[in-house]
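Two complexes are shown next, each including chain A; its partner changes from chain B in the first to chain C in the second.
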Partner chain A sequence: MIAFIIQRLLQSILVMVAVAFVAFSLFAYVGDPVAIMLGVDFNETDKARMIAELGLDRPFYVQFANFVGNAIQGNFGLSYRLARPVDQLIFERLPATLELSFLAAILALIVGVPMGVYTGLKRDSWLSRIFLTVSLIGVSLPTFLIGILLILVFSVMLNWLPSFGRGQVVPIGWWTTGLLTISGLKALILPSITLGLFQMTLIMRLVRSEMLEVLRTDYIKFARARGLTNRAVNFGHALKNTLVPVITITGLQLGAIIAFAISTETVFQWPGMGQLFIQSVTFADVPVMAAYLCLMAFFFVVINLIVDLLYYAVDPRLRVDRGVAGGHAG
Partner chain B sequence: MAPPRANRPLLEVRDLRVEFPTRRGTLVAVDGVSFHIDPGEVLGVVGESGAGKSLTGTAIIGLLEPPGRIAAGEILLEGRRIDNLPYEAMRRIRGREIGAVFQDPLTSLNPLYTIGRQLIETVSTHLDLSPAEARERAIRLLQEVGIPGAEHRIDHYPHQFSGGMRQRVVIALALCANPRLIVADEPTTALDVSIQAQIISLLKRLCREHGAAVMLVTHDMGVIAETADRVAVMYAGRIVEIGPVGDVIREARHPYTAGLMGSIPKIGRHEERLAQIDGAMPRLNEIPRGCAFNPRCPQAFERCRQERPRPVAAGRSIVACWLYDGAAPTRATTEMANE
Partner chain C sequence: MATSVRKDGAEKRRSVLARAFDSDVFYSFRRSPVAVAAAVVTLASFVGAIFAPWIAPHNPFDLRTLNLMEASTPPVWIDGGTWKFILGADDQGRDVLSAILYGARISLFVGFCSVLFAMVLGVGLGLISGYVGGVVDAAIMRVADVQLSFPAILIALLVDGVARVALPREIHDDIAIYVLVLAIGVSNWVQYARTVRGSTLVERRKEYVQAAQVIGLHPAAIMARHVLPNVMGPVLVIGTINLAIAIVTEATLSFLGVGVPSTQPSLGTLIRTGNNYLFSGEWWITIFPGAALVIMVLSVNLLGDWLRDALNPKLR
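Showing the complex of A and B:
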């Protein structure tokens, strides 16, 4: 178990170094920072001085080591566009994106799993058919279109919910939250539905197909032959066996939600990291882009690690000491 | 030693018919099957794969998978019809009055729960016991089925047990609530030959101790000979012969049963090659008119191809064959007289 965690940690570090290398390469290939910072009017002495200041005359591996060393401390340098420390910019915007993403993920889970279980158990009911048809729409419509449609109906036509922004936020330390004010909560509804809808339909379809698969197994049939109640069979035995794949997909999707919140944030003018990233791309603001890339990779790696550990919690076949199992097998 | 014949059979199956509606017409998988099981009796059901023996067992425990359904006939448990009960009423009978043992112990247990949890939930579903009592009962059951160190092993997961040990756990699960009848569907087929005999004798001993009757579905005549009191031979969804196990093995009456017995190798007798029945059992959509066995039967005559034989008494057995019907031609009569 501990060996497994250490192995996974080492793999994660390897992934992070690789991503850091890609992020570092951005500086070399996306524009020339010296030219950008000096502007049009400069002389060769200024240029040489700046190159020395930025450490660009040093060997490549030293530069990379410096970059990684700084990145670990959260220091990604100054934004070209806003001339402010990148970590500050990101941390200002992190709460908005994380709140939106987690709400979307929770929404997807608490609606998607029960719908999946229902459609798996009552395959032929008309409600299942409706769920499945609606889920097709959820899977096939692009996110931005759903966002625009929701704005049209609930903001423009009904005037119930705000169409953009986070509403009023409350600071807690460096974190700002929209969960404590009415206007903040109202502002969260439409974007989180928009962001979570695709994942919700995905989870629903996944749970459904896993349920159908598990319900055919011998141990479910045997559980029925033992006279267990439907409730015990369906939820105690069947649902738990569908959890391993569901956890995997949900974990990966959580990373995807955070990373691809970009289009939702754009549609709703959500002041999150996605919006910051889009603006940075437009201005070739490499330090922000590099930091965003590293942060997203970090989220993915951490989530994957958590998913792997959850397997252990769910499936006893993984956590058993092999010596014991081998001794009795035969 | 046959148990004393009780007044009322424990289980009675009358003219059971199981159908599968398909796009290309209805398949009849079990056709007009009738038999009974007395309290404490072991009834063996033999036949080739697809003869309908497992489906008969599944129909009795009420777990036919749609679109399969009981199209006709009735199943009575202690005189009460159970084939038309609502799901919830039938659920209370499963496990409590009719236990089941399935073919593959490797897949019969839920891999995510300890065997203790699975035993305890079965015990407490059917019996009104405190959690501590239920656990005690579970440990006692594991000891009875011969799991060494049951107090400790109860908290292990199924994958920590070998195949034979898992089938013991499955038997313990079937016996949780002391059912009157156990439907054992090929309980040894998936096991090593060396383990098979242990499991069969365990099943037999435990059912005797618990006073449970057994419907033992298998294609292994050896298992039947060792275990069963009576045996029913099935072919193409029908029972062709049913009778005391010694009679059926020593003087098989139906030509199919005779062929089946002839195909068993006998120790101590040197044979060039084993006897075999030519041809194969018909598919469900190609069952011939008259007797289902007639195309393969060495003694078939015109009537076998026209009319389906009725079950008639022959000695202590009941046989569905025109050779033994009163109106049969002389050839069979002389054969019987010679016995």
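Showing the complex of A and C:
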């Protein structure tokens, strides 16, 4: 167990170093940071001083080490576009994105899992067919288009819900939340449905196929032969054993949700990190791009790590080295 | 299920392409109404897109034919609509239907090229990885692992962003389409590489490869002429499904404003510009390009799903 955690940690660090290297290369080799920072009017002494100040004359590995050292402390320099510290910009927008993403993930789970169980158990009912057809359309609809359709129906035509922004937010320390005000909650509804819909269909299809697989196994037949109720078989035995892949995919999808928040945030003019990133790509704002990249990588690595550790909690077969093999609690 | 049909074609199998059109697959194609419908729609949208300059009622890029008096004409079935603009006109008097046909052309072009690019890159690296093995294999697969832990859209955005920083603005607009192809291609190669590497590892141990090695063929020749044809089957299936993903990725990037420039609008660009008129009630400017995108992607997806099931006997 401990060996496994250490191995996974080392892998994660490797990924982070690789990403930091990409981010650093962006800084060092793409575009000319000195020219960008000095603007049009500068002479050679200014330029030399700037290069020395930024440490650009030092060897490559020293620069990289400096970059990593600064990055760990959250220091990514100034945004070229807004001339403000990048970490400050990102932390201002972090709560908006995280709140939206987690809500979308929870929505995807609490709707997707029951739908998947239902379509897996009653595979031939007409409701299942409708779910499956809708899910296929859901997979083919790009996120931003779902957002536009929802805005058209619920904001433009019905005028029920706001189409942009976060509504009124309440600051808690450095965190701002929209969960405590009516307008904040209303503003969250459409974006979180938009963002969660794709993952919802994905989770539904996954749970369904896993259920179909598990229901065919011998221990389910045996459980039925023992005379257990359908409820005990379906939920105590079948659903429990579908959860391992569901946890993996949901975990990995959480990362994807945070990334896909980019297009949702653009549609709903949500003041989150995704919008900041898109603007930084449009304006070639390298420090913001690099910082966003590193932060994303950090999220992904942490999520992957948590997913791996959750395996141990969920699947007893993986705990053999502690001698607690097998056994169903249901 | 169709063994009798399968035997007839067995002799004629020469290339991968011939095998893909094997009668067994055609049999299952005829049996599946969804697949036939999807194929018809896919074909229709491809034809519409490719022959857009000849089919489209107007040329949306010819500014002389635009009339601002006709701007924002609604679709024909709504009061004020005319047959001149079946799906309505946008804010500059451009015919929405024509814009969709021309836009689909660019979307499909980017989709196809990026799938092809990802395929060549992924299959090539997968072959080398599986055939050569050792340090090369480890290096390529670690890169693949790292990339796979990121969503493709993020990689594509990053490549696009780097291109934006590295290239001056004027040049960037001219080659934006190729930058997009590169960005989407680079973000999708991993799946091909992993699949091809897996099958190459199996093929490498077979006798025909050993025979080729014994007669002293160059490894590159063995990979290209002998191993490659035997690992291409699954690649075509992944390619079909990835075409849908590539089209959606292109649309998303263009919607975000980092894709093709608005002088050459793809479906995503049309949706982006049309989105501004949603609140003034001109929904047709954005909804019709959106519908066209969804229909195209859905039919390609359905076709890919069917192809995967048809080529994989285990799933039957």
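As a convention for this text, the second predicted complex is superposed on the first by the 320 of 330 C-alpha atoms of A that agree within 3 Å, B and C clash if a C-alpha of one lies under 4 Å from a C-alpha of the other, contacts with A are read in each partner's own complex, and residues count from 1 in each chain.
Going forward, contacts are C-beta pairs under 8 Å (C-beta built on N, C-alpha and C of every residue); 3 or more make two chains touch, one makes a residue touch a chain.
Just so it is clear, the structure is predicted and the values come from calculations on it, not from any experiment.
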With chain A superposed, do chain B and chain C clash or fit?
-> fit
What is the value, to the nearest 10 degrees, of the angle subtended at the Cα centroid of chain A by the Cα centroids of chain B and chain C?
-> 80
Could you tell me if A:Lys122 is touching chain B, chain C, both of them or neither one (first, second, both, neither)?
-> neither
Looking at the overlay, does A:Arg84 come into contact with chain B only (first), chain C only (second), both, or neither?
-> neither
Kindly classify A:Leu141 by the partners it touches after superposition: chain B alone (first), chain C alone (second), both, or neither?
-> second
A:Ser280 contacts which: chain B (first), chain C (second), both, neither?
-> second
Go through the superposed model and pick first if A:Arg49 touches only chain B, second if only chain C, both, or neither.
-> neither
Which touches a greater number of chain A residues, chain B or chain C?
-> C
Once the shared chain is lined up, is A:Arg58 touching chain B (first), chain C (second), both, or neither of them?
-> neither
Overlay on shared chain A, then closest C-alpha pair between chain B and chain C (Å) = 11
Do chain B and chain C land on any of the same chain A residues, and which?
-> none
What does chain A use to touch chain B in their complex?
-> 217-219, 221-230, 232, 236-237, 240-241, 314-317, 320, 324-325, 328-330
Complex contact set, residues of chain C against chain A | 146, 149-151, 153-154, 157-158, 160-162, 164-166, 244, 248, 251-252, 255-258, 271, 275, 278-279, 281, 283, 286-287, 290, 293-294, 297-298, 301-302
Show which residues of chain A lie in contact with chain C when the two form their complex.
-> 15, 18-19, 22, 26, 30-31, 136-137, 139-145, 148-149, 151-152, 156, 163, 255-256, 259-260, 262-263, 266-267, 277-278, 280-282, 284, 286, 289, 293, 296-297, 300-301, 304
For chain B, which residues are in contact with chain A within the complex?
-> 61, 63, 87, 91-96, 99-100, 102, 104, 107-114, 121-122, 125-126, 157, 159-162, 165, 170, 173-174, 176-177
